[in-house]
Every structure is written in C-alpha cells, then in structure tokens.
Amino acid sequence: MLRVAVLGAGRIGSIHAANVVANTSSKLVAIADPIGDAARNLAERLDCEASLDPIATIERDDIDAVIIGTPTDTHVSLMLHAVSRGKAVLCEKPIDLDIVKVDAAVADINRLGGRVMLAFNRRFDPSAAALRRAIDAGEVGNVHQVIITSRDPGLAPREYLAHSGGIFRDMTIHDFDMARFFLREEPIEVMAFGSRLIDPTLEEFGDFDTVMVQLRTASGKQCHINCSRQAVYGYDQRFEIFGSAGQVLNDNLRSTTIRRWTRSATEVREPLMNFFLERYADAYRLEFEAFAKAVRGNGPMPVTVQDGRQALRLADCALESVLTGHAVKV
Amino acid sequence: MLRVAVLGAGRIGSIHAANVVANTSSKLVAIADPIGDAARNLAERLDCEASLDPIATIERDDIDAVIIGTPTDTHVSLMLHAVSRGKAVLCEKPIDLDIVKVDAAVADINRLGGRVMLAFNRRFDPSAAALRRAIDAGEVGNVHQVIITSRDPGLAPREYLAHSGGIFRDMTIHDFDMARFFLREEPIEVMAFGSRLIDPTLEEFGDFDTVMVQLRTASGKQCHINCSRQAVYGYDQRFEIFGSAGQVLNDNLRSTTIRRWTRSATEVREPLMNFFLERYADAYRLEFEAFAKAVRGNGPMPVTVQDGRQALRLADCALESVLTGHAVKV
Amino acid sequence: MLRVAVLGAGRIGSIHAANVVANTSSKLVAIADPIGDAARNLAERLDCEASLDPIATIERDDIDAVIIGTPTDTHVSLMLHAVSRGKAVLCEKPIDLDIVKVDAAVADINRLGGRVMLAFNRRFDPSAAALRRAIDAGEVGNVHQVIITSRDPGLAPREYLAHSGGIFRDMTIHDFDMARFFLREEPIEVMAFGSRLIDPTLEEFGDFDTVMVQLRTASGKQCHINCSRQAVYGYDQRFEIFGSAGQVLNDNLRSTTIRRWTRSATEVREPLMNFFLERYADAYRLEFEAFAKAVRGNGPMPVTVQDGRQALRLADCALESVLTGHAVKV
Amino acid sequence: MLRVAVLGAGRIGSIHAANVVANTSSKLVAIADPIGDAARNLAERLDCEASLDPIATIERDDIDAVIIGTPTDTHVSLMLHAVSRGKAVLCEKPIDLDIVKVDAAVADINRLGGRVMLAFNRRFDPSAAALRRAIDAGEVGNVHQVIITSRDPGLAPREYLAHSGGIFRDMTIHDFDMARFFLREEPIEVMAFGSRLIDPTLEEFGDFDTVMVQLRTASGKQCHINCSRQAVYGYDQRFEIFGSAGQVLNDNLRSTTIRRWTRSATEVREPLMNFFLERYADAYRLEFEAFAKAVRGNGPMPVTVQDGRQALRLADCALESVLTGHAVKV
C-alpha cells in the first residue's frame, strides 16, 4: 500500500487526490495547503488528514510519496525537500519557469538519486498511448512528420496569464513533450511564430495567444505544433504521426456520440469536451497508476525531470525564434 | 460501335441519352418521344435525330439497341416489339405494375431469346458494387442480415403518386432488388407495415408513405428495409450487410466534404445529395456501360427481366402483408 | 445518506455494488448471496458486510434500499418481500420469464404502493439519454421510424442459453424497452423472424441466434430491431430515430480514438468495446444515481415494473409471431 | 461558342482537351504538340485537328483561347505570343522556375492587357471552393490559422525530379497558392525545413522530399504547410481553416464509401484516390468552366499571373529559409 500526500488543494491537487483514493493499492494519507480551508475541505470530502504545512507533511514517516500540485515557483524547493527525505515525487509541470533553476534542480535530483516523475498527463491518455505503441510497433515505419493541434477552449483569466510564463512555457510545453514522445528523437532546431489575434493587450506581458512552431531532429524528422488560446468549439487535442508506412491519428472526445441530421445539416456533433480536467480524466488516473507502479516496483520513472527540462528548453527556444526571426538551435 | 435509340425524352431518358453520348464505343442515333417537342429538344442538345414514333425508331436498320424510358404502361409492348426485331433492350423499371402481364412478358422474351436488361441502376453504384464484391469475396462470411435504408427527399407530386402503383411497386422495388443482390438467395417470406405519417390523404390511393419490410430466405437469412417518402435531410441510401465474419456498409454522398465546427456544434456536414439523378449519376453511366458491354460481347445480361419480375413479386407480397397482417409466402 | 444492500454477488451485483460505493450520497451496507464465498469476497473488496441470507438482509432496519441482482427466478419473491418491508428496490431485468407471474407481481406492487425501479440500464447511457432528450425537444419532429441494431459479441455459454428464456426475453427485451423509450407510444403489433445461423443446435431449446422484429404503434410509428448473438467485431449497439424533421443517431464506443492509415486501408479503427459491463459502465453508474435520487427525493421511479412487464409482453409476442407467421396484437 | 486550342498533348493537356469537349459552350478546334504522334492520337480520340506547331496554332483566326500544357520552359514564350495575338490563355503552373523571368512576363502581360489565367486547379475543387465560400461568409470569423497537408502518393521518376525546380517550386507551389486563397492576405514571412527522408540521393539536385513551411501575414495570421513526396496510403489533400468563430475542414476522397468491420478492425476504408488527375477531375473541369465563363463574359480572370508569381516567390523564400535557417521576408 503506497502512502501518499498531496501538496496543493486546488483544481489539479483535487484531481490527483481523488485518483489516489480510487487506486486500490494506494492510500491518501494527507493533503497539505497553506491557504485557508482548501486542504481541510478537500480532506473532509476524501476522508484523509489535512495540513497547512507542506514541509511538515513531506517529513511524515508514514508518507512514501508526495504529489506536488502547488504554484510553480514552489515546485523546485518542495521537490528537493521531498527527495532529500527519500520520498518519491510526482510533480506538476513546469518544474520552474527559469531554465537555470531547472538545470540546477535536475542536477541536484540526479546527485541525490531522487525518484521524481514529471506530470505530463497527456502521455497517459489512452489514445495518445495507443499512438505511441503503434509507433513503437513500427506501424508507421520511420516517423517523418508529427502534426500537433492544441487549442484551449478560451483565454485564461488575465491574472493567470500574467504569471503563466507565457504561452510557450505554460501551454505549448505539453505539446513540446508530446513532440518528443512521438518523435522519439531530440529536436535540435526550433522555428516559431507568435501572434496576438484574440487579445492584443497580451503585448503587455510580451505574450501571444496564437502560435505556430516547427521542430527538426538531427535525422531530419519534422514536427509542427499549432496552439490557440481560444477554440470556440472546445478543447482541441489532435495528434497525427506520419511515416514511411502510413500514419496514425487520434480524434477529439465528446460527452456523447449523438449525431443530428436536419433539413440544413447532417452528422452534427456536439462541441468538444471541455476542459483538461474532464478531457484528460482518464489520463490523470492512468498517470498516477503508472507513478504508483514505478514507485512500488522500484522501476524507472515513466516521465523524468529531464523530460521536463527538455520541454522547457524547447519553449525557450520557440520564444527566442519568435523574437529573432531565426531558427534556434536547441 | 453500338448504335442506340432512346425511347422517352423525359428525365430518365435524358440521363440515358447523355450516357450513350459519353460512352466512346456507342453512338446515339435517335431519340423518340410522341409528346410535343421533347425528343426534338433533347436531340438538338445531343446532336442526334429526333422522332415522334418509337415503333418506327425501333424498326430502323441502323439501330442495334433501344433504351426504354417511356411511361410504365408502354414498357411491355415496346420491349416485345424491340425483341421481335432482334434489338437489345435496356428497360427502365418496373416492367409493368401487373405481375400477370409481367409473367407473360417474361415468358415471351424467353421464348424469343430476347436480350433485355432491366435498369436497376443501384446495382451499378460504385459503393453498392463494392459491397457485393466484398460479399462475393467472403469478407463478411455467411450473410446473416441485410439492413437497407431508403428514403426519398420529399413526397412526389400527387399526380405522380396516383399512377405510381404504390410505394412498394414504385419505390421499394429498388430495395427489393438490392435485397436479392446482397442476400444472393431468394426471399421466401415477406412481412410488412405501411403507414401514412407524412400525407394521410394517400389513403385515397390505398398508398403509404412510410413502410417497413422484413424478408426471409429459405436458409434463414434476414433482410430489413425501411422506406420513407420524405427525409428532410436529403436522399438517404444506405446498405449494411452483416455476416459471420463481420459487416460491410456504405455511406451517403454529399456534394462536398466540408465540415464545420462552431461554438455550438462540430463536424457539421451538408445535407445529402439530392435526388436520384444526381446521387446515382455514376450508377447510370456504369449501368449503360455494362449493358453496352454485354450487348457487344454477347454476354449474359447483368440484370434480367426475371430480376424485375422477382422484385415486383416481393412488392406485391409486401402489400398483401400490410393488408392481411400475415407473413406472405413468395 | 441512502443505505443500500446488494442481493447477488455475481457479475451484475458487483457492478451495482461498486456504483453504490462510488456514489457520494449513498452507503453500501451489505452484500448478500447464498452461494459460497461470493458475498464475502466482494464485501471484503468493497469494505462492507457480507451475508448468505438475502431475506435477512432485506429485513435489516439499517437498509433503505435493495438492489436485486440474483437469478431471474428469485426476482419476484425478493422484490415483493422488500416491498412488503417498505424498502425501495432496484431490480435487474427481466422481472420473470412468465408474464402471468409478472402481471401478478405488478399488481401486488401497485397494491402495496411499492417503490420498484427496473434496471433497464441502456436508458441511462449518456448517448441514448441524449437521443431521448433530442426527441423530447422536438429535434426530429414527429417520430416515424426507429431502427435498433443490437448484437452481442459472441454466443453465451450453452448452459446460460438453456435457462435464458430465449433470445427475445433475454436479449431483445432490452431493445423492446428502448423501442418504447424512443417511440414514446405503446407498440400494438409485432412481426418477427427467428433464425439459427450461428448455432443450429439452439433448436433443442426452441431458441434462435439471429432475429428481426418490427413493431407498430396505433398512430403508425414503426420500429425495427435486429439482434445477433455474435458480431465478431464487438458489442454493436446502435439507435437511429427518424422523424418529420430529421434524424438522430448514436455511435458505438471504442477504447481509444486511434485511426490507422496504411498502404492498404485508411481510417482503420479498433473493434468495439466489449461487453455490456464495459460498454455500459457509465449507464450503470447513472442508473444507480437516478434510482438513489428518486428514492431520496420520493420522486417517481425512472423505470417501472410496468415498463418491465411491457417489454416482456413484446418479447412473448415476437416469439408467437415467429411461430405463427402472423402479426401479433399486443 | 468559345473556340479553343490545347498546346501540349501530354497528361495534363489531355485532361484540358477532354474538358473543352465536355463543355457545351466551347469547341475544341485543335491540339498542338511538336513531339511525335501525341497531338494526332489525342486529336483523333477527341475528334479535332492536330498540329505539330504550337505557334501556328496560336495564330489561327478561328481560335479564341489557348490552353498551355507544354513543358514549363516554354510557358512564358507561348503565353506572350498568344497574348500578343489577342488570345485568352489558360496556362499551367508554374509560369516559369525563374522569378526574374516571371516578373518580366507579368509586366509584359499587364502592359499588353493580356487575358491570362493561371491553372491553380485546387481552387476549383468543390470542397476547397466551399471552404473559401465559408470563409468569405464569415463562418470562421477572423482567420487565425490555416493548416495544409499535401502529400503525394509516391516519389516522381528521378528524371522528372531532376528538372522539376525542386519540391517547393514544383509541388508546394500549389499549397502556397491555397495558403493565399484561404488567408486572403499576403504572407510576409516564411520559415521552412527540408529533409530527405524518402530518398537521400535527392541531395544531388539540392532537393528535398519532406518539407514543412510556416507563413505569417502582416496582421499575424499563420499558415502551416506539410508536404511529403510519398504517402503510402494515397494522395493526401487536406485543408483546415481555424478562426475566431470556429473552423472548417475538408476530407480526402476515395473511390467508394465502403467501410469494413472485421474481427480485428472497424470502419476500415479504402486508400485515398490516386493521383491528381483523378482526385482533381472535378476541379479541372470546373477550372475550365470558370476560364471559359471569364473569357466569354469578359470578366476578371479567376486566377492571375500575379497569383502565379506570388506562389513562386513564396517557394523561393521557403528554399532560402531552409538554406539559411532564417525567417525570410517576402
């Protein structure tokens, strides 16, 4: 029985906590959040202990693993503290917005032999995982091109955007990870465009709402990513992997399969499932299962801090490419 | 070069005439229609001779084959006249509305060794033909169930309906032929329901606008047919063949492949292609090619008068089933 | 907090018990099953009490509601016992295989003012429910035709089939309920065919493996149902509701959305989800939620014993139609 | 009646010639090709005159318009000769591989008031045209991103590739035109990657077989294009236009709509239609209709030499971007 504490009782912490409870070989021991009643309310609902002190929670002897769902700027210190106490860690992305800090953290974790998994949930989506298995099984032959469409249903609140680190580090970072997941090679060059087509005032933060990125690996494999902060029809999440023997794709998810035929249209389907908590509900559950299995079995972490570092590096390169108009070497 | 005359310069005659012109190894010699300017106008457009006399046209020495697209009650006499003069015939369905007259005509044609093909155009639709090839190739194993959806886009004019012979003989007759085409066995029992849900005044003709039929073969294969005189979304033509090894299906056709995604709906497609002249344009073309090929090569007719007779018999059985509430033996 | 006991610890009882646990406003108190360790094992896994005595479990004061998932021939007596003790009941279908016994039970329950819901799970499938909402909202106008495709992935074990009551009462009964759910009128006439195309030895039980049924309501609405005991591509569950203003349809479910494109084929998707426990997992959960809500709120039962009675009657009529070759009046 | 000559009796000339014949208000007068029997054979089949001399054919008094389907390096001189004789011209793409020569030709044509249409056939594809109409009608709101997938079914013969001008000028040039067609703004910046993943020996020509391009307009609209010389599943032609109010997409075409369901897969469809002559048959026909209509009505040319010039310029920019690793200003 894996004994788990969840740090952070917000939206993402709640998801992780519920998945710990639902996992029959794990036990949710405590939830820690320094802000107000968040931990207490969540703990009550999930029948576990609550704390205002993440550090003290990490240090409990009856905790084997911690899940970090706190604000980004606390990730590194909490992660290192947990690692220093021998706890396994599942940490939300990004590790940090500053790659220098991230590199130092990665080095520390490696030195300490820390067991840290980065929470790139999309890798655990059943369809994304099926695409990767198809690639691994050679179904597309050699991968030539990866096309990623990644669009949020609506602009996040201004306050959130102000501290998000920008669209590349906050949103596209998931797609950079998926690019690496499907390419199975490191991108070595990045080209990007950034526009403000939804909210021109994003210029205030030096941010964009509509971006396109191209990646290239040393062997010449190519990846395209398009992101928008606002797809009115819902949360658009599509992957297409094209290679010498064909291609594999996924589809978006909807709440039902109903199709409507009327005088003016046929095959009318619902808008897409909205938003990541619902769309990737299965992925979050399977992500924790993979983490728990790796911790219990002492196996390799399914996603590493190095993966988190690489995705952030690609995000930084994309931003640099937008600003310079050059292809940026990774 | 096959020398062809088209009898009947209406909607269906025009289609056939144009396909003769487009066929590189056939020549449209003449169009005959006793009514007004129809033949002259069509002949002018297609650059051939016009006549008001179908009989004289049949008898021309420079005609090898005739296509009969005249009113139903003239089919038998024209067909027999053409056969008696040694002309090959492609005749529109139905042969006649009276099965006694049909049986006599079939006997006469057989006695004379007549070369007559019945124009069940749907067999030549590329997708329907592909379904049949898949069945023949064993892709569905033993056929167990055939599901046919066949709905017109809108009620025909009252005047047409009054002389149509009723929905089973006029419209479902195509589906009875498709049932036989896909079952590859003769139905031996028919059950049917008929309703007037679109136009209750059809009771005046003893006709229906919404019907369901079930067919059974001696070996137990089953077929369902549903017909409606009015599908507001367009001309609905679907076949599904289910068997021991799986199933094969076709889809409807639309003019374009455009799909629309908006705030309220996704994957919105156009209404279906409308109506049979457009939907089955390829089928009409391929039907004539098959006829021309059979005539030139002296091969067996792809669809026979016996096929036309069987479809009419099933239509009669369906009507009897509606009226008696019994399964009717074919 | 609704206090629930589950009677029957088999496949279907396990599903219901897990849904009670997952429902945040219900409590699973006990599981009862007279056979061996079944109740004990399930109770252990779900952390509740176990019993070998369903009757004693019904009689517990700390039980508000019972879910009956025992063999069919015990349904009536357990249901009536629970009703007589004032317990709410969620009972698996069918009520009984004998309509005389069912009619008596319905009368008894009505006399006692019993609160019994019949477990026609498909009504709670999100897509089926969406179809019904669309009908209720007038999206298809007046319903004219309902087409139901319902195929199991494979023949049940011979032992199961021997006591199933036959395909109409065991399998098609779900489709009869869906027919009533979508038609929103009582069928008054039934026509049916039954064949043995998968296993001819079913003749021994007077049973069939491949059936087609047609239903008609007083106003002329029509419904077609096709069932097969063996669809090699998985559990096929499709509904199509056609009316004066268009149609609405659902699609089957698969585990992922992956599509494969190769040299020989495109858009290749997985086989269908298999079998009802997996395919209708959401439906079972929502069914219990609807039951719990009705019990707690003292509202009307979402599905009644009368619904169960009508579906059985249609099954009996279908069998009679197969045997007599007549349309059978309901 | 528009009197037309076709110059060039190869694959593309044959298509155009057949479309002239099929057009009821045009007349195919002559086909000219200096090489061997090509013109004679084609003219015989289409019942028109043949010539070995394109120049003399242009100069005939009974010719109103010429269609140029000759080798690329003859386009400019034939086009200018025709313009100087007052003939309308439909010229295959590209105008020339050398932008300097193209700019001079455009200037000459403008000076002479020449009536020249460039044959970007894809604009006339019914689905592409429907996408453009949807954009024009505001259905996607402001266009934000255009995604173009454009993959040939197989590598062209080495000899063809050697003189093609490279993938950007030969193949992607169509996609550059579609980008402009859908963006409705001029791209001002180009970023591109080029790889040799199918045939490394293309390095000999400085050519690529797998490319990705990003375009940006002054207002920040973005376009992605991916091309491959070899999609084993067929000729892949997809457009997706995303904007503030939603998106519109097209699908690929197949010869039939058949779908197969087996034990191991469902919804299995055919490979895509192959290759451009078949896939874009409707587009070629409608392209000529649009040309004929513009000539007869003295209306503006639907596609101009300026359009051809811009597409070539984007191709040159893409190549420069690959070679320099910079975004290239148009």
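Should a chain be cited, it is by its letter among A, B, C and D, assigned in written order, with residues numbered from 1 in that chain.
As a working rule, a residue touches a chain if its C-beta (ideal position, glycine included) is under 8 Å from a C-beta of that chain, and two chains touch if they have at least 3 such contacts.
Per UniProt, the chains are A, B, C, D = Inositol 2-dehydrogenase.
Note that the structure is predicted; figures quoted are calculated from it, not measured.
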Checklist outcome for this item: Larger contact count among A-B and A-D belongs to A-D
Next on the checklist: Let me check something: if the centre of a chain is the mean of its CA atoms, which chain is farthest from chain D (Inositol 2-dehydrogenase)?
Outcome noted: C
Checklist entry - Could you state the distance in Å from the CA-based centre of chain A (Inositol 2-dehydrogenase) to that of chain D (Inositol 2-dehydrogenase)? => result 41
Checklist entry - Hey, how far is the Cα centre of chain A (Inositol 2-dehydrogenase) from the one of chain B (Inositol 2-dehydrogenase), in Å? => result 57
Item to check | Residues of chain A (Inositol 2-dehydrogenase) whose C-beta touches two or more other chains | outcome: 232-233, 245-247, 252, 259-263
Item to check | Sites on chain D (Inositol 2-dehydrogenase) touched by chain A (Inositol 2-dehydrogenase) in the complex | outcome: 142, 144-145, 147, 149, 151, 189, 191, 193, 195-198, 210-212, 214, 216, 219-222, 224, 226, 228, 230-233, 242, 244-247, 325-327
Next on the checklist: Please output the residues of chain D (Inositol 2-dehydrogenase) touching chain B (Inositol 2-dehydrogenase) within their complex, sorted ascending.
Outcome noted: 24, 45, 126-127, 129-131, 134, 139, 245-253, 255-263
Next on the checklist: Using the touch definition from the top, list the residues of chain A (Inositol 2-dehydrogenase) that touch chain B (Inositol 2-dehydrogenase) in their complex.
Outcome noted: 232-234, 252, 254, 259-272
